[in-house]
Amino acid sequence: MILILKKNPETQEYKDLKAWLEAQHVIVKETIGEERIVWGLLGDTSEIDADRLGALKIVESVKRMDEPYKKASRHFHQEDTVIRIGNCEIGGKDFCSIAGPCSVETADQIREVALSVAKSGANMLRGGAFKPRTSPYSFQGKQEEGIRLLELAKKESGLPIVTEIMEISQLPLFENIDVIQVGARNMQNYALLKELGMQDKPVLLKRGMNATYEEWLMSAEYIMAEGNEQVILCERGIRTFETYTRNTLDLTAVPALKRLTHLPIIVDPSHGTGKAELVPDMAMASVACGAHGVMVEVHNNPEHAWSDGAQSIDTCEFANLNSRMKAMYQFMQE
Amino acid sequence: MILILKKNPETQEYKDLKAWLEAQHVIVKETIGEERIVWGLLGDTSEIDADRLGALKIVESVKRMDEPYKKASRHFHQEDTVIRIGNCEIGGKDFCSIAGPCSVETADQIREVALSVAKSGANMLRGGAFKPRTSPYSFQGKQEEGIRLLELAKKESGLPIVTEIMEISQLPLFENIDVIQVGARNMQNYALLKELGMQDKPVLLKRGMNATYEEWLMSAEYIMAEGNEQVILCERGIRTFETYTRNTLDLTAVPALKRLTHLPIIVDPSHGTGKAELVPDMAMASVACGAHGVMVEVHNNPEHAWSDGAQSIDTCEFANLNSRMKAMYQFMQE
Amino acid sequence: MILILKKNPETQEYKDLKAWLEAQHVIVKETIGEERIVWGLLGDTSEIDADRLGALKIVESVKRMDEPYKKASRHFHQEDTVIRIGNCEIGGKDFCSIAGPCSVETADQIREVALSVAKSGANMLRGGAFKPRTSPYSFQGKQEEGIRLLELAKKESGLPIVTEIMEISQLPLFENIDVIQVGARNMQNYALLKELGMQDKPVLLKRGMNATYEEWLMSAEYIMAEGNEQVILCERGIRTFETYTRNTLDLTAVPALKRLTHLPIIVDPSHGTGKAELVPDMAMASVACGAHGVMVEVHNNPEHAWSDGAQSIDTCEFANLNSRMKAMYQFMQE
Amino acid sequence: MILILKKNPETQEYKDLKAWLEAQHVIVKETIGEERIVWGLLGDTSEIDADRLGALKIVESVKRMDEPYKKASRHFHQEDTVIRIGNCEIGGKDFCSIAGPCSVETADQIREVALSVAKSGANMLRGGAFKPRTSPYSFQGKQEEGIRLLELAKKESGLPIVTEIMEISQLPLFENIDVIQVGARNMQNYALLKELGMQDKPVLLKRGMNATYEEWLMSAEYIMAEGNEQVILCERGIRTFETYTRNTLDLTAVPALKRLTHLPIIVDPSHGTGKAELVPDMAMASVACGAHGVMVEVHNNPEHAWSDGAQSIDTCEFANLNSRMKAMYQFMQE
């Protein structure tokens, strides 16, 4: 961390700050300039609050050299984190395709989709039971009933399940769920993140609509700091001025985060674009830039989906897309 | 709601949709054009899911004419909602100034600030006990202890209290809190909003960092739909590409929302700018564009604040600002 | 175009508007609702100013059903526009790779890069002679001298040249340039666009940093409306809140624009990311989502580049990337 | 400027860089840390290209301590720049209100508006002759004819005139124009800025839709570096995700820029909001946060305006607003 002190700092302030920093086991290297004093802080500064230092009267500005996250950082953990789910090693040698409807609607619907995507070679089933909807008057998901239907679909299809949690009190219902998803709107719901950090289950952490890479990794750090290091990151688009697409899919996050962190990263082109006709091309691009997996909304009858029909592809389109993604992944390995 | 149907829709689809809409007590007025069929939907469409209609194969596009919110809408509720808190009628004839530290730190700190801002004419005390911090390693607030200190400060200063809730399970601790704040990061934490909708306490709902006016009002609708209509909106800045300020304060939200809704709206220039030196000017501008109140971070020793020191003004600056805001408010009434 | 009129419009206003619209050869189809009157406007409305209609007292809102652009629209021009440059048909069967330094610096530098990328199979040479720099104190490009050096490099390498124009008066210098580039900052420099519309040379139109797809296509329409229909679109990233990358590369623009327009579209991952280490992955993703070509900044000695060194790859990296892109393009065709 | 060098830099690179910097009359102060070497660069670094340094292999990162602009910087020029136009000292003791239509339409229209706003106490007349429109099919302004009509209106009303230039070749027509406006779309049209830097006329520089404060001031620096220091900055809203308003008016720019620069700054709430009903409140807020002036679109018949009618207020509304703004300005002085 680099600290720039204002010209002629008050002696007492100056001494106090130096003493406090050293108490944090940080070594202070000083350069006296004509206009400013520059301190280089050596050692582990990840637990030092840069904003707080920046507020001090004698401090002109602060620049972090190391990331504020530790457990999520590639810097402190070179080798990739590999998370085994069912037959698939996410973050390792396998490409992981996750498919399923936005919402679980009926026993038939989820069974039909599950069996179909399993047949097409999907590695995991997705489906929402608890739905965060913008309107209180929109369908809110089948709740407990939805979880039960997912469990049945898992039995029949043999696919592991990922579904979203919205609230700590729902946790007991997730006992047979393989991966717990945290949605974009809850990426900074820290109480929930801490609770999930105490579980022994992989967490799929979606990027918030306006979250920077650093904030996203800090949310992963919240989970990891409590002991659960099985975090899968999922890029799902950010909010920009462009309204043609529902969000702006930021695929550069994939190669960028693979440099910043050892955690696996997948892409959700369905929410990322909001338009079914754009999903296959963006799914292929996700594989091409190195994503460890892709999560796609698939419905047996998209136009009658109870939610997000406009961005769901049908089971035939998925069969075709999945084989193309796997071929592309092979091609990339060569 | 206006529905544009594709050219030559399949007869069955067409009949089904018309029948379904009429079952929702909506009257369908049709125009047959050369290239399209246009349906005007009359009646209450606020509970119809526009996205879902838009996904139908026969539908080309959908345009809402009425807002998707009802209880929060000025359209259905002409007169301003006035919420009495302590000596102040927010949304009514009074200007409400809310002041206090970002975080409750010690008994002395919160007491000192409370007594000072009360003396300066503040109408309410703010102070964080539960702090949503980007880093798990930053100070997370004094929690229960913080609530207790706020209660003491309330006794001594006579000021009503507003403080942030992060999680449903914290609710019992808020019994003596006058206004429950929902922070920007939790604006779409729907489980929390529903729970607060069942309480009989005013809720101060901050705008999410990337929330549109409509999404913000839909979050208010979540609370109101459960029965609690005492919602105060708080503009606190949105996230843009500009990094000089912590957020971009969107003051236009004030006159805009006063048209869209009957709920009171206040402004938080401290988070909106992130820089103490910009707070007074933007607080004055907030009054000038019609805000019902202003919430300012005030600390007895900003540069040693445990959080957000850079955006806190000190108690003397507040005394001066508060009298200028009240004078400006008077001036605006004339 | 759909026009929503306010309840009980003044008769005269109403008649005038109807008459005016019909004078524009537009057929007005009317639906009388309880709360509103809906007009469906049939015929060519692309030259009608929606904002202007929206300002009329009797008009509540306006919704365009057809794009406001015509010549650029896929709707009026089904088959892809193919532009032949040197040995390459952009928008047709060929994949077009464009490579070269950000700025032309010296005769040796541009020659060395040109010969190297030609050897690696690039189809076109890029290089800036006129540089739009944020600071008036930064290197502004070699100007005329730079154009001369590009012409020499073209002779020696046999590669067609694309370079940026900043101002109409520079046009005479572009006589031997094969493709004229309009930079992001000038995407809405309409005087320049109109002038280029009168030339008989392909124009490479970069997307503005904050331009929507529609605005971008309207800028293409400015060029095409003057008679020059040889426009190549280039996605180069938009400005968002994320600061880790220089811009946020919006790859979804590729499949989206291929639906909206018949014009070829390429991607510039160098400006899109601002970091050389991210360029190859994003270049591959560009091919995977269907781009007709990729433009990459390549330098013989990136770290000593006079501009944008941080985002330039070296000639060896390009040789490797180019063969991988071409292989990927083959793979996509199968 | 602070330069962070990578651990164990190559000796030659290291020596070369140090020598080069010293050749720029910069003093290098070094701190050797365990992981990095930190250089503090003292002296005038405003002409050093930070990006270029950042690209060097041995450099890890660069942090500017001083702004990259000089002539526009408050740091090098403490006292406010005051620009006298007609009876008004912008940036000095006077509040300057600028009013007029978006476009000059007819002799009667511009005369009527000019006489009316003059009577209401406006200090300057605005009106567009050259209009940058998104669509090539929209009204492009009356061009030369418009300039002539503005000159007549100036004669009759006695008001100085500000109007927009789009292209260098139009400059001769601006001989009798008092203030030349550069629109948001041309804020980074550097060829145009340099040309205006050689004129002896005040330039009103609008902020680009996606320009940071720094980029905006760098554009002012382009003008000033050529010798013309009469630059007036105009905040007119930035582009964000919010679509209810045409742009998001960033009023915080006013107090922020008054700290960063000595140049006068005014606000355009008409483009900033895009809605006439929001203009008066935001104009008042502009005065309250310290703007040196406000520019408002005023039309004698807004709903029939040939452009931007939806954001124009009528002459009566202006008369009322102007007296309120002047009273507010008085109130602020007390």
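We just call them A, B, C and D in the order they show up, numbering each chain from 1.
Everything that follows uses one rule, which is that contacts are C-beta pairs under 8 Å (C-beta built on N, C-alpha and C of every residue); 3 or more make two chains touch, one makes a residue touch a chain.
Just so it is clear, the model here is predicted, and its values are computed rather than measured.
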item	value
Labels of chains that are neighbours to chain A and to chain B	C, D
Furthest chain, CA centroid comparison against chain B	C
Rounded Å distance between chain B and chain D, as computed from the means of their C-alpha atoms	32
Separation of chain B from chain C, taking each centre as the mean of its C-alpha atoms, in whole Å	40
Residue numbers of chain B (touch at least two other chains)	210, 239-241, 243
Chain D residues touching chain C - in the complex, by the definition given at the top	46-47, 49, 51-52, 54-57, 68-69, 132-139, 166-169, 185-186, 188-192, 194, 209-210, 215, 218, 221-222, 225, 239, 302-310, 312
Of all residues in chain C, those that touch chain B in their complex	2, 4, 27, 29-36, 38, 40, 42, 60-61, 63, 65, 239-241, 243
List of chain C residues in touch with chain A within their complex	210, 212-214, 238, 240-245, 248-252, 254-256, 259, 272-273, 275, 277-278, 281-282, 284-290, 327-328, 331-332
